[in-house]
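What follows are several structures.
In what comes next, subunit A is part of two complexes: it sits with subunit B in the first one and with subunit C in the second one.
Let's look at the complex of A and B:
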């Protein structure tokens, strides 16, 4: 019986869901870190609480809350929508912390120089701080993306037909447990390895000290 | 105020009773000071005496707790809210050079100098670059235009930082220990650029430990301790004949280094 075919066919779903979660998380992370660094105390503590809660929850619990709790009530959410929203929010919280650390790594001197030159806040972030912070953030962001690729197996629990879900069905219907899961493992590794290489490449490429 | 000789005309910078406190430490304890256009003022004093804080109050990198700062006719009262527009106007007229250079490491030397001109003054890229190249020429670094700052020596970086500040055509230049992070030799090339600038008539306030520079270049020397001006006057007379014991102790400590 062919195990490889169906499992491989599910790979695009895993990749697509992972990419969607990552993009949502990376963008919402900007919103959260902006709130976290806001001058307004209420905004700041709201953002901090949201980040702490999202980071403190087991992802599967939050996923179930979004899908079974919220998604079956007034708003109907498809499994994929629930997956992207649920894991996207958790990713956003982690991204916010990655961004925050990266902004701190840029150091106060760059902010002061920008202020002293009379650059606006927007220009300071877009042209001075952002380009430096992103260099610090990218390796951690890719590390998170690799984890996400693996942890997306979680969304099989709410019925998204990705690698893990298809493998499970295959194992049940074929009665053979070892082979399908080993194949799934190989597919996950094959998908994740290029990301690891990309991370190392970008780390070297983006480093400021090596540039001439 | 201590019977100091004042050049005629309105001061381009006036500090009135400026006070700044950090967690119970008084960094500026009611400092008043007038600086005339074209004047070069050097500020010396032990670390923690408040000289950097005072300098940073001028362009509101530190907002004073009380007092008034008037730059080129534009007054700012501490305690009141400063609009973003006023803040931008103020900072455009005041250039600042930091001890740690603070060049933007991801931009070339040329972009470091051109970007603020485009963003703050609205110059076109071509105009900005032309001005940047002229300034790089002036500080002797035209050859480094395409290099990244981290490929430059500390002295070169500091000269680029001076060019970057000058590119916005400031009325006043503030220098916060511009040579303290540099080897003595590299410090000299920075000091010579500053000397040239002073000769061209730029109004400058220089926080420094370089007594020789202060004596040679400054018109007025201020000694600070504990957030106050403890002595001021002509640099030669202050250095050669200090009246306040605290000044004597500090000057001999610097000489013995």
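Let's look at the complex of A and C:
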């Protein structure tokens, strides 16, 4: 009758997978947004197409393409590897859009001033634009992390032993179908709620202008 | 060799396409119905959770947070596998529609609530000054303007619901992903058929998000 134990025991896997996907996505997102803002037309449109495709596909379809399509052919991918690569790339595309919006939120005067001071492009981005853009980006990044925590449930479909797949097994073996899923729902909500508060707190903390 | 390979791929694709299109129709039906019920319920929840009375406001806010807090996959499993435990047994299609409607309602109620709150306070005061009843003010003044403000976000969410509908695969609903997967299982050509299914999803989501972007731009310039 104990459903809570096994489901809770799987929570670290969900958190770990989510964190790995988030880190991969946040880093690759920088690459994508750099491409998206490149002066070279070919690079720019390639990055743009990649972002549109990754954002347009249902995550589970892309996950299946990576795991069953690519990962079962020449390259062998374990479920966790496929999960991190698949959802990591989708996260990267969304991060790239968040970064792009945040960079646009930094006024053009900042770029012009940096140029007038003779700062290099790298210094401009690292020391002037980046710190201002990250304030704008962080709340949206955390909002994405919350939805990622929930979306990570779909890696159960390729066999990662996280909350959702343990719940499915539990429901099947115990024969009681409602309770395990309700417990899983409660665990997800309990994991997501602190992140939601953090997002709200940081949004207030990091915003430069006082909202009406 | 190269040409025969690509013609065989094209032949396979044209063999698979009818089944995939059947699946796409199911995906679109589930998406359309979920949006219809979800938007309607979302509007109701938006109004309830903007109510002045805490007895009305708090329970509806709580329900919305529960709906938004759980993964859509869990919602699908609760409705399909869980509800029979309390005597409600649904077929895969109605179960998918119900689960996606609940998810849609939770998310859209917050989107609509933000839209309602963005209606300037002067509108409500003007309606008051004209002697309109509260219900009339909400119905004729606040809701139409609030929905208009929320519209681009709601349209963006509609695209997301098509993506979420792929999760109904887990219930065995014969939608696009299920069809692709079962073709993959019988031919062992997972990559080809899944890519084709992906292209069908993209054929809808990319133009749709382009349209939403244009619509957003138009609304922004109108104001």
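In the analysis below, the second predicted complex is superposed on the first by the 208 of 212 C-alpha atoms of A that agree within 3 Å, B and C clash if a C-alpha of one lies under 4 Å from a C-alpha of the other, contacts with A are read in each partner's own complex, and residues count from 1 in each chain.
Just so we're on the same page, a residue touches a chain if its C-beta (ideal position, glycine included) is under 8 Å from a C-beta of that chain, and two chains touch if they have at least 3 such contacts.
Here the structure is a predicted model, which is why all the values come from computation and not from measurement.
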item	value
Clash or fit (per the criteria above) of subunit B with subunit C on subunit A	fit
Touched partner set for A:118, first subunit B, second subunit C, both or neither	first
First (subunit B), second (subunit C), both or neither touched by A:45	neither
Which of subunit B and subunit C A:78 touches, first, second, both or neither	neither
Touched partner set for A:174, first subunit B, second subunit C, both or neither	neither
Subunit A: partner with more touched residues, subunit B or subunit C	C
First, second, both or neither for A:207, with subunit B first and subunit C second	neither
Which of subunit B and subunit C A:184 touches, first, second, both or neither	second
Partner chain(s) touched by A:135 [first = subunit B, second = subunit C, both, neither]	first
Which superposed partner A:153 touches (first subunit B, second subunit C, both, neither)	second
Minimum C-alpha separation between subunit B and subunit C after superposing on chain A, in Å	22
Complex contacts: residues of subunit A adjacent to subunit B	109-110, 112-113, 115-120, 123, 127-128, 131-132, 135, 208-209, 211-212
List of subunit A residues in touch with subunit C within their complex	52-53, 55-62, 64-65, 68-70, 72-73, 150-151, 153-154, 156-157, 164, 167-168, 171, 176-179, 181-182, 184-185, 188-189, 192-193
Residues of subunit C defined as touching subunit A within the complex	65-66, 69-75, 77-78, 81-86, 162-167, 169-170, 177, 180-181, 184, 190-192, 194-195, 197-198, 201-202, 205-206, 209
Complex interface listing, subunit B residues touching subunit A	59, 61, 84, 87-88, 91-92, 94-96, 98, 100, 102-106, 115-116, 119-120, 148, 150-151, 161, 164-165, 168
